[in-house]
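In what follows, a single structure is set out as structure tokens and then discussed.
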Amino acid sequence: MKLSDFMRYKDEVIKLRRDFHMYPELGFEEERTSGIVRDYLNDLGITTRSMAKTGVVGYLNNGGEKTVGIRADMDALPIQEENNVPYRSQVPGKMHACGHDAHTAMLLVTSKILSETEFDGNIRLVFQPAEEGLNGASKMVEGGAIDGVDEIIGMHVWIGFPTATIAISPGPVLASVDRFKITVHGKGGHGAAPQDTADPIVTSSELIMALQTVVSRNVDPIDTAVVTVGKINGGTAFNIIPETVEMDGTVRTFTEEADKLIEKRIKVISEHIAKAHNCTADVEYLHLNHATVNDTRLAEIGKKVASQFTTVVEQGRAMGGEDFSEYASRIPGLFAYLGIGNPKKGFVYPHHNPRFDMDEDALPYGVAFETLMALKLLQ
Amino acid sequence: MKLSDFMRYKDEVIKLRRDFHMYPELGFEEERTSGIVRDYLNDLGITTRSMAKTGVVGYLNNGGEKTVGIRADMDALPIQEENNVPYRSQVPGKMHACGHDAHTAMLLVTSKILSETEFDGNIRLVFQPAEEGLNGASKMVEGGAIDGVDEIIGMHVWIGFPTATIAISPGPVLASVDRFKITVHGKGGHGAAPQDTADPIVTSSELIMALQTVVSRNVDPIDTAVVTVGKINGGTAFNIIPETVEMDGTVRTFTEEADKLIEKRIKVISEHIAKAHNCTADVEYLHLNHATVNDTRLAEIGKKVASQFTTVVEQGRAMGGEDFSEYASRIPGLFAYLGIGNPKKGFVYPHHNPRFDMDEDALPYGVAFETLMALKLLQ
Amino acid sequence: MKLSDFMRYKDEVIKLRRDFHMYPELGFEEERTSGIVRDYLNDLGITTRSMAKTGVVGYLNNGGEKTVGIRADMDALPIQEENNVPYRSQVPGKMHACGHDAHTAMLLVTSKILSETEFDGNIRLVFQPAEEGLNGASKMVEGGAIDGVDEIIGMHVWIGFPTATIAISPGPVLASVDRFKITVHGKGGHGAAPQDTADPIVTSSELIMALQTVVSRNVDPIDTAVVTVGKINGGTAFNIIPETVEMDGTVRTFTEEADKLIEKRIKVISEHIAKAHNCTADVEYLHLNHATVNDTRLAEIGKKVASQFTTVVEQGRAMGGEDFSEYASRIPGLFAYLGIGNPKKGFVYPHHNPRFDMDEDALPYGVAFETLMALKLLQ
Amino acid sequence: MKLSDFMRYKDEVIKLRRDFHMYPELGFEEERTSGIVRDYLNDLGITTRSMAKTGVVGYLNNGGEKTVGIRADMDALPIQEENNVPYRSQVPGKMHACGHDAHTAMLLVTSKILSETEFDGNIRLVFQPAEEGLNGASKMVEGGAIDGVDEIIGMHVWIGFPTATIAISPGPVLASVDRFKITVHGKGGHGAAPQDTADPIVTSSELIMALQTVVSRNVDPIDTAVVTVGKINGGTAFNIIPETVEMDGTVRTFTEEADKLIEKRIKVISEHIAKAHNCTADVEYLHLNHATVNDTRLAEIGKKVASQFTTVVEQGRAMGGEDFSEYASRIPGLFAYLGIGNPKKGFVYPHHNPRFDMDEDALPYGVAFETLMALKLLQ
């Protein structure tokens, strides 16, 4: 198949994307979207199964030993769109500001093309809900979405690359996401009598300074890591030393080793900075997402497939998180970017911005990549 | 006059105190209390004037050049009483937990005795509202309560001294009270991209550590000072670096010099710690109360007067604040403590505690001190 | 005895002081000085005993149960005098820059007057070496200098008070002096590989910030305390993280309670800040001098005695240390200041300054105080 | 040419390396070594020129437009060897503990082979002194060593890779090296009177904590950076607050952008932390070495050349510095590693360790790479 074979579907993929764009739904609420997906697949004769509340899995089974998965996410964001376009969001306060509308549209058209193509093997079409902070992927895995799948690919439209380029790198491309909550328990009292208290505000301040050393001293500088305290809250009055201070933060890494090291360091630092000041510290540490690590062989193949019809660039690393890692940490996976940025047309606003939009000319390239990649992996 | 001359009024002062105790009123809401005060004074033939909303001033003028003031405060606290006594508070959520009920009762009886005594000179009876954090005293001063007054005395019942002892020291006895609000303005952004932000949480943490050096390094160790941050608040989510962090705190000192130094240091530290981290800091600095400084001569006289009928001890310094300082910073003043602590009777709970109560045997001693001191100062 | 009885000795006390001034000797090297003292006392018929290397004790025993001690210190400082006076130091690099020359001269003349006076009781004349940082007093105590002594007085000339005033306060007047040495042991390594080290420089920095909270948060603000790190030393090269960092500091307090609290806090903070950063901390804590606390009764008597012939002022507190505390912590003691400051004559340079000098007109007043106080205490 | 063509020189390259190993010379003192180099090249008929004190450049010019450089460094380290081998260092306190003996030996043999080979173009043989911290490369550049050179290659033996593997990566492979010296000027004084001082020890401690935020907050986490304070020094006595504290540290980065950002941040932080505490800070910032960045095209070619005769691996990044960057920042360069690690033979001790040694079986592979790479680049 050549690029022109996919260009024929350009209008359809854009039409689908715009429809999803106009009716955005938040995570685990993708009723309308998943209904459209299910009907579309069923109309193609593809068996579907629902899972993870609003997730849909399509089974395009031609027999044979190998199964390849392709994944799209369907959820929107709680953002009020500020674009004035005919297809702007019709739902106040909700918007497809990350491009999942395009992901869903592309995978539907890919499904159509694949359903009309002869190949040996099986293709698993994974339409998942709730990628944005809710880890819908883990619910899909629990539901059996990738049972029997050998390899999986995913795509993300990306404003940082020019229209229709495809970006692929082997190894880690998106960071793991952890969350930590630290509560420092001191002893409250009158602000004029600090000697009768154990001041959790001063203790937390020192703790936050000490946490800076995790990245500056403890993590291998060749590794990449972030430790951020995003929230701090303590006290009710200017003249009362409070009992407790609460902090809430995030950790990003690309390796299991760095991740474990940081968790341990945060716990040790919290314990002892607190003890130094007659306080105690509770640390709750949650691993939300794994790092998204591209399989080296799949990345190699992906580069070859994409370079047949478009420009391929290095993807590099980003500190953002993706629950595609739930699949890619279990089976070989490839998460590639599709360039949608086009300054001449004004497509420059970053993801999650109220003015985010995309150069839709890119979409047939995404369909091409998904289709050709799946077929290649089944050869 | 001898102590026995005052003991005759013991039942009356206790009865008055218990009545006020049962019907506590918060600052600037002392309608019932000030009504009783006004009627009581008028019944004695003492002219009164209302000011500062619920304040009452009585004029006991016998002519002559000198005028001596005596001050009592009348307000209660927003605390639910936990004592089971016949005279417990009848108002849910309000309680005379600092002893102002006793102050009002003592000054009424003092007024009665003085109105029945021959002396040359004038006595100003100052019943003020809203001592607890609202600086009712400043409103009384504005209203003219101490216009023409040469010297003023005040008393505070104090659980830390045994019943009926009187504590007096020359010089500073209660601290000045300042409040500072610091807002650190940074640049918000994604928690995974600190390089694009100016992190106000880390900056505020370093600022709070730096503020510790004001007391540890900048203030003369012979001086006494406290700098407390009682409240810190910043951020809305674990993975977002916020725009701002807000801190709210208090400063206590006994000298003008230390007070000015600390204000300046807080401003300089805030400005430059913020600048070091590409942030800015707004500092709002409010001087709420002056230090309460006893006039040396009045303290000397007070000790002699009190030692005629009870035990006199050194008062020492406390970091708490008092708006009696509004008077004592304008004219010579003496603020003395009357011991009401009695572990055998269970009177041990600190001021502002829901179980605070007092050994009422002390009250006639307070009346004696006020009466004899006023007469002594008019000789 | 009247002041004029002491004024007769003015020339002698000045002559003696100037002689000592010209030949200053450092701590435990006061050979010449103590030889003069011994001879002087022996010539008066006073028995002497040597102890603490260069200390001399004189025994003026008239029998009776009570013994009163008077103490002078004799050592000079390693400072090059910059005054151009006839009696300037003849010893390069050494100078009586703290006034111990006057202390010795005054006590000699006091000894002479007392030896010519009738009284009941015994007087112990304590001439000690090495007050400046070497704690000669403790050696005198070990040697038996105050065995059998009931009460002891000492005087210090003081540039901060005008000539001939005498300053006395009850309670603590000079601080206790402690020394602490903290060694932080980390793990050294290449400066480009912090992940393989435990960085003792960062850890020590955080430790020093945490130590600021001892004074700002832990000590009662009414108490007076200082915690100073005077020295920090770690590392040999810009690109090597060292194994250890050493810190050396001092603590000043006026109460045993604050002293113990601070020692404990320094140890707890050091232990846990080190642990937070995978380091360990050794803390060596030395109590060098007690606080100098004047006995209340002796202070009362001292004020009365001094006010017979000169102006008496409050002494206040100073953070400096004095080994007179070695005596005053064992038996009731009184350490008074004799004013020697006189701006008109140019006597304004502080103690330990190369231009320090004194208004010698004050010296007979010191002799008077020592003499009259000793006699008063023996009555 | 095949690998066996180079294996014939194995004995010679080992013999040369051992000779250099036995007589190590420090930077700019490589008299004996450079003498041997000069004679060896001259014997081959290669013209030489001396520069940079003990540097030697050989000119193997066959005409043509292109010139390719090959660089070896010759200096040893001030380390006492602890190996017991026949060829151990004969010079007390000096040792080839980084493998420069092998670099020199390999390039000599490469020169011999190339001098016996027909090719078009010119080869520049760069034997430089003083790579270890003295930046001998910059002196060679000043001397004209790479004037007219189009591309340059260098090799470093590396214990972290198995014998005879060759490690190559495009882009940055070794960090830039900066040095910063910060002097905090405060106001000294007595340790008991911090209020009269500006304490540079506390200020420096806070400064060091603030410097941690440069890596933890300011540098893009995808970039790699280190900021280390290796040395801190201030104060002379436990009870004196000093005037100044001196710090000395290093910065490592891989990009010009990160390097400039860090220099700026260190200066801003130092200025304002100092100002916050009434101190001033002097910052001296020195750029010692650029990052060593491999040219992408040369890396590509290098991988192909090396994979003809040995295993090629990714080189990755290391935070160490190399003055090869002096060449590679001016003309396209390639700095490759030659594996010499062999646990079975005990070759496991890291570079700069007194027991460092190498598996000499690797050396003919290094000769092969240098020779074949030079010839390839001249084609």
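A, B, C and D label the chains in the order they appear, each numbered from 1.
We take it that a contact is a pair of C-beta atoms (placed from the backbone, for glycine too) under 8 Å apart; a residue touches a chain by one contact, two chains touch by 3 or more.
Note that the coordinates shown come from a computational prediction; the quantities given were computed from them, not determined experimentally.
The chain pair C-D and the chain pair B-D differ in C-beta contact count, and the higher one is C-D.
When chain centres are defined as mean Cα coordinates, B lies farthest from subunit D.
In this assembly, the C-alpha centroid of subunit C lies 58 Å from the C-alpha centroid of subunit D.
Mean C-alpha positions place subunit A and subunit D at a centre distance of 41 Å. Per-chain Cα centroids separate subunit B from subunit D by 70 Å.
Contact of a single residue of subunit C with at least two other chains is seen at positions 192-194, 199, 202, 206, 209, 212-213, 216-217, 221, 226, 252, 319.
Listing the residues of subunit B that touch subunit A in their complex gives 175, 177, 179-181, 190-194, 199, 201-202, 204-209, 212, 226, 228-242, 245, 248-250, 252, 319-321. Those residues of subunit D whose C-beta lies close enough to touch subunit A in the complex are 209, 212-217, 221-222, 224-227, 252, 316-319.
The part of subunit A that touches subunit C in the complex is made up of residues 192-195, 197, 199, 202, 206, 209-210, 213, 216-221, 268-269, 271-273, 275-278.
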